[in-house]
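Provided herewith is a single structure, encoded as structure tokens, for subsequent inquiry.
We just call them A, B and C in the order they show up, numbering each chain from 1.
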């Protein structure tokens, strides 16, 4: 198939940037979206034009590196990662607009590459159980009801791609933050630091400049790992309870 | 900053305030509707006038109504604060968006819906509450007691088809606002449960349709009666 | 130089305990005066960085990804082995040790492997304490499954995303130390060189991938946790960014590279669909627990399948060849990876491949669905089936999956001793980057185990032993050795940018990959290897005279990053040919066509090749020198692997 691509080009963080139009031809529907961009980049490189920079790594939908806003939706028309989006989701002659994630805490580095360091800093604020290596109890000393373990797993599958932020009209990171808070709030291992964790992670989330949630549900609807909105409700509970209960004045 | 202001100033705290004030206003709607439906009692406004006077003089009700005004203000102020905050979170907009693929129209346009409702509220207060409170309404005698004739003000107002139409239209906006707001408020206060959330959603939709519909019924009926 | 593995004396089961007691300790007050450089933040790197920081050392952690959480360990699906014997099915540390040695075709060190089995149990405890949501039984205890040819259920798993959950666990421990100020994180930073001062590794030179800045970092020890080199084949299950550069630069600075020819070809990957393909996707091996592998008995029928004249379900049972079940009755579909892969190649070479390219076999769940119901199958493999459908557009509940082997893991790597130190003092290699534990073939669910064992439980002890003898004084990055490395790196970048030839980096990478796959893939021969080596030499000179790398060095430049990596892959490819040619036997992931039994099984030569082949770089254009570390087996008897 032949396609018209409108791609955001931006030399670096301080450059203003703008759209450029490209044509690709002979695209097979078995290609992944990123392989289609590979084709474009090979052609451009051969012609001596600077190829389009985009983030990608595992290309199997788990590392969370790829991050393209395709025709108005993060990761494009399917609820999956960009690397798992295949060209059979498009038609010959389609025009495809590709933009970087847009959010103040995700500055554009170059072209379609953004800096998602804000997510790392939120995890650093408290997204862990403070245990050192060694000296922990036997794994089977902690019995966890299967249903709880499964639910915690569902929250833990977040790949940190940032599609939730990209999809949200408010640029809110609450789905990401709540997934981690939920995972650890559900599990017995997370109980000790439960309250403080919620307070610290949310303080960091706000400090990064992410927006607030208005429960549109766009985040969950676009999340490649189908993280549920119930996580956000749980985070809210955790936070309110923490504010009231902890002695951090 | 004390922990209270810190909490309430966080994005989650502001959301909480929006949800709690919203839920209170939902309650207020029920009470207000119960009173207003007396307009349709067909008794020449007797029941309504007694009710209206009762509301105006009862100190408890007066207290509650002041709180109600404050909460409306809080709801508005925090909506503005949050909207500003959210706008800042995305300084550069997307060139192409396809939001209907992942969310409902109402959920994305609560600000617009709310603004229309606010305009309605101002017109509404000017038309009724202000005239009763600061104007010189006609008096009516019921069972030997003199009452302000609130009914006649309403009846007069809804003879105007534009006025009545504006009311009905505003209720449509209210319906959409409630359609998202009702369930959203519960989600924000943290109530999301496999057992209860489906029920909350259903009740919310029912509420969002029924309450504005009944409110809208009043101008429609009064206008038809005036013909 | 004689390679001394520094294996502690004494009985196998006591070596590690004894060694832990014998290693020197660093005074807690002094630990904060040492700086340790960790390159790579996958399972090995993140766990090592976190554990060392917890002990009090200052750590600098580097990764080329935008976040440590994206390291390729995240893609491991199946699970992690541990000799917990929670299932009461006869597992033990010795059995895990024995299985790993045997699975590795007796080409790994007994002591290292035993230690791996020994600490495997601690890994599970550690991960659970961190909040890793492993699968559980209804009673709330941990669930296990049998995996990849093991006859006991010792594999712990988190649906098909075990690597992800373990990495996020290690990443969370790392993040905690970043918050504590003990780890300084350098994302989007690529290691370009190791700096050696007075024979000891004392730092690295890096390139900031965003600004292009070349920077020096000084430390008391350098840990390379940089993963494997499967991308030398261009098409592999590795991430696009996975590379050999860090290990290769260390090799060129004197670190020996061991057994580079040992590459694992994973039997259950989604077949190649066309020339555009950029990577291959693995389907977890756990699928072989319930899926049955088959091809049609006749070539005619396979041809009809390829032309889509018939559908798989039109083929009756008696016309199907469940070749693994017939050939290996006791292990059936669960034979080790190398055996399963090779047999897939055989049937496809016979012309019985089932997809359009003729390079695919079926993995059929029909019987499992009939037996257990679709719901149970979905609960076990739902995400894998979805992934398959996403990529191929076919529904595996209704039609059998098609699979074909693909390069997945590299057992070879930098030579390390028992302490995981390379032959360069102060330079360590952990996880897939070293050669140590998997011999010639890695068992399923053992890569995660090794990465975490090295990072959490081995290196924190052994690094201390080294540092205790090292002066605290830091070496300044103004030292001439740092300056020299920096200028070498800059010179190389300049060279790449100024060739300005006609072919892209990917063009050369693809070409290299084809040579590697055809001559150093599932089957190798002396003739082919000699031929391939010449081809690579030619490719190398063409690359350095005709590659086209656009842009500048002072910006984010993905072509330049790739060019560095591909240049190193080309050199590695040459060494792989040497190593494969040297090893006149077949073992594990290395199959030489000249050395096979009459039944077509790998034929080892324990008398002449029970050694680790470690290669020393001698300089540009000079053949590398082979050093042998003889493998001594005192606790297991070498037998021909048989899965019949």
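In this section, a contact is a pair of C-beta atoms (placed from the backbone, for glycine too) under 8 Å apart; a residue touches a chain by one contact, two chains touch by 3 or more.
Since the model is a prediction, treat every value here as computed from it, not as a measurement.
Chemist: Comparing A-B against A-C, which pair counts more contacting C-beta pairs?
Modeler: Comparing A-C with A-B, the pair joined by more C-beta contacts is A-C.
Chemist: Looking at mean CA positions, which chain is nearest the middle of everything shown?
Modeler: It is chain A that sits nearest the middle.
Chemist: Could you work out how far the Cα centre of subunit B sits from that of subunit C, in whole Å?
Modeler: Between these chains, centre-to-centre, one finds 63 Å.
Chemist: Express in whole angstrom the distance between the two chain centres, defined as the mean CA positions of subunit A and subunit C.
Modeler: About 27 Å, centre to centre.
Chemist: Rounded to the nearest whole Å, what is the centre-to-centre distance of subunit A and subunit B, using the mean of the C-alpha atoms as each centre?
Modeler: Centre-to-centre distance between subunit A and subunit B: 37 Å.
Chemist: Given the complex with subunit B, which residues does subunit A contribute to the contact?
Modeler: Contact set of subunit A toward subunit B: 6, 8, 19, 69, 71-73, 77, 97, 99, 102-105, 167, 169-172, 174, 202-203, 205-206, 209-218, 221-222, 229-230, 232-237, 239-240, 243, 248-249.
Chemist: Tell me, which parts of subunit C touch subunit A in their complex?
Modeler: 47, 50-51, 54, 65-72, 74-75, 84, 86, 122, 124-142, 158-159, 161, 163-165, 168, 171-173, 175-176, 178-179, 185, 187, 210, 237, 239-241, 273-274, 276-279, 281-282, 387, 390-391, 393, 456-457, 460, 502, 504, 506-507, 548, 550-551, 555-556, 558-559
Chemist: For subunit A, which residues are in contact with subunit C within the complex?
Modeler: Residue list for subunit A touching subunit C: 11-12, 28, 30-32, 34-35, 38-39, 42, 45-46, 48-51, 53, 55-65, 78, 80, 84, 86, 88, 109-110, 113, 115-117, 119-120, 123-134, 136-140, 142-146, 149-150, 152-153, 156-157, 159-160, 183-184, 187, 189-190.
Chemist: Quick check: in the complex, which residue numbers of subunit B touch subunit A?
Modeler: 2-3, 6-7, 10-16, 82, 85-86, 88-99, 101-104, 107-108, 110, 180, 183-184, 187-194, 197
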